[in-house]
Amino acid sequence: MTIHLSILIFWPLLLAVLGGLAPRGVAPLFAVVGAFVPLGYAVIMLADFDTGAAGLQYVTDDAWIDELGIRYSLGIDGLNLWLVALTTLLFAASALWVALRPPVRAKLFAVHFGIAETAVLGAFVAQDLALFVLFFDLMLVPFYFLLGQWGGPERVAAAVKMVVYTLVGSLLMLAAAVATAVLASPGELTFALSDLRENLLGENSQKLLFAAFALAFLIKMPSFPFHGWMPDAYRNMPLPVLAVFSGVVSKVAAYGFLRIALPLFPEAVADWQLILLIIALLSIVYGSVLAFTQTNIRLILGYSSIAQLGFITLGIFALDPEGRGAQGALLQAINHGLVVAPLFLIAALLAARAAGSEDLRDMGGIATRAPVLATLFMIVTLATLAMPGSANFVGEFFILLGVFESELAVAIIASTGVILASVYALRLYIRSMHNREGPAVTSFDMGLRDAIVLVPLVLAILAFAVYPQLALEAGEGAVQAVTEAVAR
Amino acid sequence: MSVTTYGWLVLAFPLAGTILIGLTWRLLPARAHGILGTLAIALSFAAAVLAFFELESLGEEERQVVAVGWNYAVANGLDAKVSILIDPLSTLMMLVVSGVSMLIHLYSVAYMGGDRGYTRFFAYLNFFVFSMLLLVLAANFFLLIVGWAFVGAASYLLISFWYRRTTATQAGIKAFVINVVGDVGLVLGTYFIFRGTGSLDFLTTFEEVGSAFGRNDGDLVAGCLLLLVGAFAKSAQVPLHTWLPDAMEGPTPVSALIHAATMVTAGVYLIARMHPLFEQAPVAADVGAILGCATLLIAATIGLVVTDLKRVIAYSTMSQIGYMVMAVSSAAYAAGMFHLMTHAFFKALLFMAAGSVIAAMAGTQNLDRMGGFRRAMPFTFGCMVIGGLALSGVPPFSGFFSKDEIIALLFAREDWHVVLGVLGYVGSFMTAIYTFRMIFRAFSGEPVTEARELLDHGHLYHPEHPTNPMTGEIEDTDVGFPGPEHHIAEREAPMKAAMGMLALLATIGGAVQIPSVNEALHHFLEPAFHDSRFYEELEPSGTLTIVGLLIGSAIALLGIFVAYTLWVRSPERPRALQQRFAFLHRIFVNKWYFDEGIDLLVVRPMAWVGRFAASTFERTFVNGALVGGTSGLVRLGSAAVRRVQNGYLRYYAALLLMGITTLGAYFLISA
Amino acid sequence: MNLTWYLVVSALIFCIGAGGVLVRRNPLVILLCIELMLNAANLALVGFSRAHGNMDGQMFALIVMVVAACEVAVGLGLIVALFRRRLPIDVDELRELQG
Amino acid sequence: MTPQAPKIDWEALSPLVALAVGACIVLLVGLLRGRFARRHLTPALTVVTLGATAGLGVWQWGANTSVVEGALAIDDLTLSLTMAFVVGGIAAVLLSWRSSAAEEAGEGEFYALLLSSVLGMVVLVAAQNLVALFLGFELLSIPLYVLCATHMRREHSLESGLKYLIIGSVGSATLLYGLAFLYGATGSTDFSGIAAAGAELGDDVLFLTGIALVVAGLAFKASVAPFHQWTPDVYEGAPTPVTAFMAVATKAAAFGVMLRLFDVALIDAATTWGPALATLAAVTIVVGNVGAIGQSSLKRLLAYSSVAQAGYMLAGVVVSTSLGVQATVFYLFAYTVMNLAAFAVIVARERETPLGDDISSLYGLGSTRPLLAWPMTIAMLGLAGLPATVGFFGKLYLIRAAVDNDYGWLGAVIVIGSAISLVYYLRVIAAVWMRSPSEAPVARVAVAGPRGRPAIAGGSHEADAAAPEERRVTQLEVIFVAVVAAIATIVFGIYPEPLFDLARDAGAALTNLV
Amino acid sequence: MAEVLFFIAAIGAVAGAVGTVSLRNPFYAVLALVCHLLALAALFLLLRAEFVAAAQVVVYAGAVMVLYVFVVAYVGGSGEPLVVAGGASLRFASILFALALFVELTIALVGTGLSALETEGAGYAPGFGTPAEVGALFLTKFLVAFEIASLLLLIAAVGAVILARRRAGLGEPGEVSVADVMRGREITASDAPAGSMLEAAGPPKR
């Protein structure tokens, strides 16, 4: 019983509120502090985490609402340890980025930003179904404001579309969660995952409820064909926000599959496996193909995310005995977050060099006077296309191996996704950095305030590429537990 | 120090060089980086040499040493470690790679002198060497794949080194994507093998393979074929070869190093390395051999007609690698590696010479516009001829021994491999022809303006505008384009040194393995192939060898003679021949329509699907049916509700009454 | 004379009243129709009270009369107010609020 | 025969007495000459009365007695709902303090009517026999008819009054006829008697038809589709404080009586009316949410939303378990605080801008008036049922109750409804935060009074007196209501335990349920 | 004998109801309602509800209706054409629904298993329906109802006053508002609703 996780998740909120009350000027400072302390916490946790031990660590478990059997129970294990770290890292980076370029009404921005981090972290560490759902739905609110107030031209419409579309899933999940708890509770109603895992439902109700959860997660990812909200949202969301949104929020969905769906509905998962694999496959191919037809950088990255999350879904539902697929999915979730965030920030820099345009057709030749930017961008690009030697490749290697063992054909088709990825990623790089200069391009290298954010992120990517073992070891036990649950 | 330590050092130096150059890109003057890079490789080479001796000092059977650096991805029953394997095979490769690389670095120090991207060039080049050595030293599939992809990336970076040339970037992405195809093949192949042996480590796998798979076991064959996909993509074998000719967009040293000497031979190395698997899956091996043979003929035919200097050499590279693949796939391992080595020498040499010529031509590579450089650039001419003789296998040059060794072993292999041997001779005939066609057209005949400029005024030809030789579009000389002082034919010392060195090697390189005289290489490599079924047995009889050598030299000389008659004696003859064999000529000129085929089968459909998805599907289904449909439904309902809410009190009352009635009806019915 | 008759009559009156509310436009008359409905209820109540022989129904009926009176008072007050504001005494004209 | 005077438990009866007496006093004080007395004393006294009622209610908590020959039951259900009425009442008083609606009606009368309406609600939910029920019903309605019309300068007000009166009377007539049938079928006016008789009556036609009519009558009061149509018009036309009061208190009363009647008197017919009510609930949810989309008048929008909310709460009634009762009561309170916050903001904006209750009156609120913007935002998020607001747990609780009693599909309908509702709730939030005042259409002043005063429901003289350009007079009490309600929404969204306890006691009051 | 009386009264009641609904002139409608009420009183008597009957005549037919008559006179009961805004469709629908409802109710009343309805009613109990009984009940069982009813009356009165009393700024149709005179607008009888006092008085003298 420790308070650490509570501090970890509520610190940003606290600072956000304080920042809201503080005088206008210092608000960004509050945001930075609010984002960096959790980062420190997470780093310490990484060091302190006991890889060998099974089960949860840093557990907090208090009664919250007896009436509904909802407990305030948090915990860290192999599944969420690194995702928490990733979250704190990306939020810290993004907060710093914003603090160095304060937007209008920075105070309000900081408030929503803090709420967002709290919600995401909460969703990651929650060990109670209702608590998870609560944070999962809460996540959307701050992003609605961030998109709606600081977004691009059609921000309001995009924001409404995003929230409504994704909440349709989330609310169904809410109902499903309640149903699960009510049906599964032995006596007293309980939402505690540990209890729910113990007494599972009948196969039919499992199928129904799993469908609700799956829908919610697939929409959130987003996964083909439920990505209708994505283009508008991505086109209009402010880039630093988009960095964390695309980097982290989508991972909550993937994590949800591992934490909630697989353990609670094993039989349903077994029945729906092929369907979900096919959805994942379609996401990979469709996302990749669209990614190399788009010219708007945000959309290229958006569709590439669809493909990447397709891979993650693929891994989760590989359900191979060793749990390689899930292991890879977990790793890939971290990797994708780690690469997509800097990419969005770089996109901001590119736009700054292409007279504000985010369209590839207006770019080209930006590398000429920006060697540092070009190098960082190149590293991130290669990581994105899962070049062997990057941690992303390790992730995909595990995923594909997992699928290869359960569904050979799927694996072989999916591997074309790797090829397509190399096409759209390089296309993005070449058409922005290489070739003849675009008409409005003025090439200049990145400044200190860009480097201070981007370089650490890229270093993180490199470090991860050299030694992914750490994350794998942490995840191994937990992942196997999950997959065994399904196998049983 | 132990042999593995040297192995790590071999890896460490180039990497350190890359990082150092990268970090000091602003601190040191450009030239310093050139020297730094060369130095790094030199050290690496030294380490390789030491490793060689260290290895020699070990006993026959413990000449396969594995060293584990750290666990890379050891989880869920997967054993992907950072571990290197030092054995004669990898050592030979180390030596060749680091050695040739060193010379080419040296060459580049001068050749790239005028380029604005000088520092970047050496960073890339060092990175490439590191990757190549990683590939060579990898002790498990995972690391092999890593190195494999790294060299691919390095080659991409160097191909599109002049990144503001659209032609260059296109060539780059083409090369990269095809290489990724290879990587994927390698990965999937690994899966198949891993499924059987349950380990990624080479030596474990090789031990397991016998017990894990039966002969020609389905999984194993599939795995090996997929490995071949990887090998072919990297070694530009049919049908995954189309990237290599385009890769000539890169600076000439790159072509020399990557696309002639080292990277493209990785496939050969892979097959040799995986020999236990291929011997267990002969079907796959045969496929390899046949495709290799096909490649060598196709490439040679194209080489006969291409008019681009560098591309001629590129195609000849393809065809030579075809020999090697054919060799290692038919268990002539030593011969294959031998040819790999000699080829590295003379092909690098040829490229350097070509680079010198191209420099003199101010970037132009078209043979039709060349001529008469013999007196203008004697040194280059000399090198070119030596290289040419070696390539076309004229005794006593290195190529002669290696190539004929291969063919001899093919004959020794009996049954249908004999056919391959015969075709090998056909290939070598064509080789001799196109090689000397190239040489004659570039050096003999009336000096062209550029040559004359060099002869009469002793300085290089400078066009008023730098242009892209492919498209002829005007360029500046800033970063991303060739620099202003980019024309330094054979002037500078480092170039001469490098070329001279290679010329020497190309001449005497064959000495290491002369049939029935000196079997050094064969013995040296033996420990690496101790588990091979053929290595010992496959031994051509003395007479066969002698006959082979004689036929080989005869064919080569004949080829040279033909070339001489055609392009020196009566230059109008080729035109006539073209008329005669118009059909063949068209096929050859269009490179057997491979690009078109791939474009038709892969690129176009993909693009079409993409356009369809982006324009139609996204709108009609994803946003139309799913989003628009539901929202439309809701709006409709909203409209309906608000129409009913029309403000007429009596309407409300009516609805009230209706509600009451229906409710009453329901209750009556349920009663 | 059994009680069903009385009740059927009350039902008839109730429905006439209800129908009246729908067809008339003058709020005064609509109020009258509502009175009809209430009286129908009264008749039913008294009838049932007779049937069960307990007084509750009758008491209820008396209370209803009071209520009816109150509704009338307020209703008429409203109509007067409308008239004062020079608003048309016609429910079909009063449809500012809609949609 | 000399009738034996019934013994009366004055303690238990005290809350009602307080209200009645308070009403009379306020009425009398309203007759005083002094402007101060009328303007400020009457509302103060009203608040005091309501406070006293609440206090007495707390004092009587847990007594669970039935008074005056079992005519009324003063149990925790009654008292808890009384609290809801009191909250709504106090809010209404604060919102109408210094408002022109009250002034036009004459403060004394205005507040007296308010109080008597509250009394009617208490009687309604406490009633143990049909007579008391009907009387309570009327006592709650008739004052409201008047209150709706009090803002005479706007014909909207009168129109809404008339519509409410006529439809309402039809509704109560229907109810009455239904009650008559119940009495006829069971021969008793007491719930207990009806329940007893209902046990053997089973599905007698007369009995069921009676139920049908009663359902219709009550459904009308709770604005359940298809008996909801008066709601938008009346809500829009009535003075905003009155609308707020109607929205929260009336709804609470209607559901209170539903709980009593259906879950006590008619429980044996549950198998029959259950599905009917469930269907009505589903229809209501859809109609309400769908209707609210694209409304530009905030009051209208909230009216439709209240229809939808009624649908949610009806689900709680349908399941007819004590869990359902608890869920309903809990949601009633959640609904009360959330709506009060929203209406308070609307009142404030009506007084500040010439735009009335048009959604454009909220434009740019976020940057200029955080104290109004946040309450509005929180209220909307709460009504949409998003986490960290009490609305979230309300929905959770309702769904849980529904699923618990095999009405899982109703739970699904609830969430789908909430999903649709987001469209218009988010629109309001967007208006608050994401639009600039410049986007607002040119001031569309509602029918101007003779002094060129924009006569807006809930408008205030201080506000109107100020010159149009700097009409910045927001009475503090309005902001106070908004902020308090918003805070309650959040606090109960994080620590709902107190509300749960209250709901649990209320549910326990209906002893006959599982 | 009772049957005869019943039929007379019932017919009277229904006829009155129909008259109320269908007569164009509100004034006549009111009178029709009075007839209806008297007939109803008779029915009450037949059902042994003397006091209710009496109250019906005195309170209802007497007091309440007088109120009506006054208002009609004040407002001017302009008979409206019976054409319905919703057109014939709504009217047809409403009649249809009314009929349907009637059918349902009748089914309920006839189909019920309640035996008492088949009889003349329960046996005669002494004092059933007498004022004494009523009074006693009002003071005992229905005490609450009684009190609340009284309060309700008070509130209704207050409400009526609020609504109907004069107000500054709200023009009185009977009077000429100064503003109108200033605007020099010609006040004509046509401005006043038909049947109002202004109409009777005609335009003001200048």
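We call the chains A, B, C, D and E, going by the order they appear; numbering starts again at 1 in every chain.
By definition in this document, a contact is a pair of C-beta atoms (placed from the backbone, for glycine too) under 8 Å apart; a residue touches a chain by one contact, two chains touch by 3 or more.
Given the structure is predicted, the values throughout are model-derived calculations rather than measurements.
Shared contact partners of chain C and chain E, listed by label, are B, D. Think of the whole protein's Cα atoms as having one middle point; the chain whose own Cα middle lies nearest to it is A. Between B-C and C-D, more C-beta contact pairs are found at C-D. Using mean Cα coordinates as chain centres, the one most removed from chain B is E. The geometric centre of chain A is 64 Å away from that of chain C, both derived from CA atoms. Averaged C-alpha coordinates put the centre of chain D at 30 Å from the centre of chain E.
For the pair chain B and chain E, the distance between C-alpha centroids works out to 102 Å. Between chain B and chain D the centroid-to-centroid distance comes to 79 Å (mean Cα coordinates, whole Å). Residues of chain E in contact with at least two other chains: 84-85, 90, 94, 97-98, 101, 104-105, 107-109, 111, 114, 116-117, 141-142, 145, 149, 152, 155-156, 159, 161-163, 167, 170. In chain A, no residue touches two or more other chains. Touching of two or more other chains is recorded for residues 131, 135, 138, 142, 145-146, 149, 152, 161-163, 166, 170, 174, 181, 184, 187, 204-205, 208-209, 232-233, 423 of chain D.
A complete list of chain pairs in contact reads A-B, A-D, B-C, B-D, B-E, C-D, C-E, D-E.
Within the complex formed with chain B, the residues of chain C that make contact are 18, 21-23, 25, 91-92, 94-99. Residues 1, 3-6, 20, 23, 27, 67-69, 71-72, 104-106, 109-110, 112-113, 116, 119, 123, 131-132, 135-136, 138-139, 142-143, 145-146, 149-150, 152-153, 161, 181, 184-185, 187, 204-210, 449-451 of chain D are the ones touching chain E in the complex. Against chain D, in their complex, chain C makes its touches with residues 7, 14, 17-18, 21, 27, 30-31, 34, 37-38, 40-41, 44-45, 47-48, 51-52, 54, 56-57, 59-60, 63-64, 67, 70-71, 74-75, 77-79, 81-82, 84-85, 87, 91, 94-99. Those residues of chain B lying in contact with chain C across their complex are 642, 645-650, 653-654, 657. Every residue of chain A that touches chain B in the complex is listed here, in rising order: 161, 165, 224-229, 231, 286, 289-290, 292-294, 322-324, 327, 365, 367-369, 371, 375, 378, 382, 385, 387-389, 393-394, 397-398, 400-401, 404-405, 411-412, 415-416, 418-419, 422-423, 426-427, 430, 433-437, 467-469, 472-473, 475-476, 479-480.
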